[in-house]
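Here it is: the structure, laid out below.
Chain IDs A, B and C follow the sequence of writing; residue 1 opens each chain.
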Amino acid sequence: MNFTGAHILSINQFQREDVDRVFAVADNMEPYALRKRVTRVLEGAILGNMFFEASTRTRVSFGSAFNLLGGEVRETAGFENSALVKGESLQDTARVLSGFSDVICMRHPQPGSVADFAAASRVPVLNGGDGANEHPTQALLDLYTIRKEMADKGRDIDGLSVAMIGDLRHGRTVHSLGKLLSLYKNIRVVLISPKELTLPDSIVESMRAAGVDVSISHELTQSIAAVDIVYSTRIQEERFSSKQEADLYRGKFRLNQAIYTQYCQPNTVIMHPLPRDSRADANELDSDLDDNPNLAIFRQTDNGVLVRMALFALVLNVADKVDDFAYEVRWYNARQNRITP
Amino acid sequence: MNFTGAHILSINQFQREDVDRVFAVADNMEPYALRKRVTRVLEGAILGNMFFEASTRTRVSFGSAFNLLGGEVRETAGFENSALVKGESLQDTARVLSGFSDVICMRHPQPGSVADFAAASRVPVLNGGDGANEHPTQALLDLYTIRKEMADKGRDIDGLSVAMIGDLRHGRTVHSLGKLLSLYKNIRVVLISPKELTLPDSIVESMRAAGVDVSISHELTQSIAAVDIVYSTRIQEERFSSKQEADLYRGKFRLNQAIYTQYCQPNTVIMHPLPRDSRADANELDSDLDDNPNLAIFRQTDNGVLVRMALFALVLNVADKVDDFAYEVRWYNARQNRITP
Amino acid sequence: MNFTGAHILSINQFQREDVDRVFAVADNMEPYALRKRVTRVLEGAILGNMFFEASTRTRVSFGSAFNLLGGEVRETAGFENSALVKGESLQDTARVLSGFSDVICMRHPQPGSVADFAAASRVPVLNGGDGANEHPTQALLDLYTIRKEMADKGRDIDGLSVAMIGDLRHGRTVHSLGKLLSLYKNIRVVLISPKELTLPDSIVESMRAAGVDVSISHELTQSIAAVDIVYSTRIQEERFSSKQEADLYRGKFRLNQAIYTQYCQPNTVIMHPLPRDSRADANELDSDLDDNPNLAIFRQTDNGVLVRMALFALVLNVADKVDDFAYEVRWYNARQNRITP
């Protein structure tokens, strides 16, 4: 795809070469994200960070990524009393807001809303999550993490085995990651969930059609025995009709260090889109895994900044100029001296 | 008026020469707002963007205008649990907040509050809307748009005919625009509203005293036949005692392409302060007008950035230095390639 | 203490020499805070301004302080639907958010939460207030103000007499200021409060153990007769079980110009952590004191910016580089021309 000026709305837009391009640019962003260097390439540019649904983590990740390229951020952090409640169409909102910035990131609770918005926007729009539909930057950062973790082990994405665990029905991140893995060769995916929360058939079928070896399981320990990556997810309580219904599934398929040691291959990578539910009745990933060097969950969120920087640089066509406006960091770089697992 | 260090609180502060000065500076801002060039003239300056009433559109417009001059923005986006609920006076709030920034934009639901705040502020204050009272930057951007649209037709503001349509009683933008038009010569204004929602007598009288030819109508089609501009407005539901009462007036005086073609002069400019209510029972400006090149409503909101940049530059006395700290935009400029009507 | 990379969590971390270091750096920040000069030393750095409890004043003060050093600010302005309500631990939140910024300021309603957060953060954390526990930057700015006000009178902190007035039980600022004063010599403190709202015994005892001459009073006028500073506080209504209970104490110990003239020594400095409750039934500091040149309450809040700039510069180890990236302000400096008491 031609990234310059493009909207990034769905993982379906990406071919394998597009993913490679994003990851190559993301790699180049590392010295900036690690605060070894500063770049001012986007000095004077404005991101409209329009979160019509609250999400501190994702909103700040997008905003920081833009700041790290030298740009400014104007934002909205919730639905509030915006013009939409006065009867304004999403198209009008897009025409207005796209006059205020050079690129927009948008999150909105309604599936499809971000694409509608983008159709009327005069600047590129990045989907920051539209309800249960898409969250493409999360899928890209997940796959970027898989690539990076496996590269350390001398492997690439082709040929990997991935176990996806938990609420596979509602978790949009596993939907998108499944699609993205389908672009690669000899992938094996084990889907581990309660019977009621399996991955939607349409996604399973499209993965199989693309050549992915998909198996389905409702049991944890045997199913994680021969995979390279376990990808755990949270019960998406907010998508159930009641807390009681969600409680039926909460706390199944918990992973902790004892289970990991007994059943997993050595160095199996542990991932999670975060937030992980650490309350006693959920505890999908026990905190006793926090010292396990294979726990990649915080590297995932760190990688999110790299991937979002890469997407901004690509749609604004500055990926090749980032280093031209760079200099050494002047301040104490705490992050280089406090690395967590 | 001497703009340097001035508070911009009311449209009553402006003489015709002051308006001309704002518009001349706004014209110079165009290359920056269109993202052809970047200026850093206000690098290091801070705008306190204090919205004690939520308004995504206006808040982001002010913030982006300041960013486009190179400055930073600190802001508040709603009433929340601020110090005011702990009994702090608006004067104390002003003394405190004016220590944190170089200029303040303030919106507050209470009429007169922004002027009270400004009286205690140590930095210039721009009124971003104080309840039903004033919203001077909206009136300036409306008149700036009129001037620009008519200049394309070889006309200037003197001698224009303007139809104002809708809830003229509650809409503060038509109140302010009426006052501003009174500064010009040979202006004709047709006021079209339900009998219960006419423009307040005091404003009509002051316009007539200034020489404006004001006529009053309760019917749409004949009244828009011989005007240069139709300025439509939303029923201000939030100012009525009930939704039921507002519903009595909603959906009267709808303008769509068929009515426009049948009754309006060719090339009559269509304006609206936005948001337009696009719900079926309101639909003041039908979306079938969106392809009409005379629909200026999104050019209005774009012009708002220029006018706000101009006001910031004037009160901070950098209008003549903007070009001295400028360079070419480095990134892909989507806006130049996606012009909407 | 070694400030570089340190968390600033509690006033207990500070020795006298540490306080001196902060104040010396704060003095150097004055030309930047007064907008005579701009520094870009932290250009490219990001502050995560994480206010999980709303506080416009303190949030904007921290954010502006960081902007004044040239850095960018990403922020959260309330508890909202953050990941914490989905069961994420504060430790996970810290690991994630510390990947997005170079330094974090955090406010959170729960005592101890900021220290827990800091323990898992990869970047330095400044406590912006953790419930009733600590608010160290407020204590530092209070003492900085005392030092500055008394320096104008040829005095230093050693040997001062301070009256603390009001809700001494709940006001965390007087708790912290008491501790901080204990680092100095020959301090006399008069505690003036209702019997039910006295300073906690543990703090009184530790002050006395440090050599402070502490006396306790339940009467205002005689007790303020021989002090250098009167430090008034608000009844912390939000910490009482009901408004009715708070009302029992509201409006006691009011200070106004008549009482000041009759009972205080000439030039006694008047302080208050703000917001002051100016409602008729409270009115701790009457507005007739606003013209009294000894009213230092707005100089306090201005000094807060200096102290916060100093702390950022120290933990990021740029205190000695600030002037190396500086230039003259380009815009009209309103603040130099509108000095309020």
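General observations
The definition used in the following text is that a contact is a pair of C-beta atoms (placed from the backbone, for glycine too) under 8 Å apart; a residue touches a chain by one contact, two chains touch by 3 or more.
Note that the coordinates shown come from a computational prediction; the quantities given were computed from them, not determined experimentally.
Think of chain B turning onto chain C: fitted on CA atoms, that turn is 120 degrees, to the nearest 5. For the pair chain A and chain B, the fraction of shared interface numbers is less than half, so the two copies use mostly different residues to meet.
Averaged Cα coordinates give chain A a centre that lies 39 Å from the centre of chain B.
Residue positions 72, 77 of chain C each touch two or more of the other chains. On the chain A side of its complex with chain B, the touching residues are 4-5, 41-46, 48, 72, 74, 76-77, 80-83, 86-89, 91-93, 95-103, 120-124, 315-318, 321, 325. On the chain C side of its complex with chain B, the touching residues are 35, 38-40, 54-57, 60-61, 63-64, 67-68, 70, 72-73, 77-78, 234, 237, 274-279, 282, 287, 298, 301-302, 305, 329-335, 337-340.
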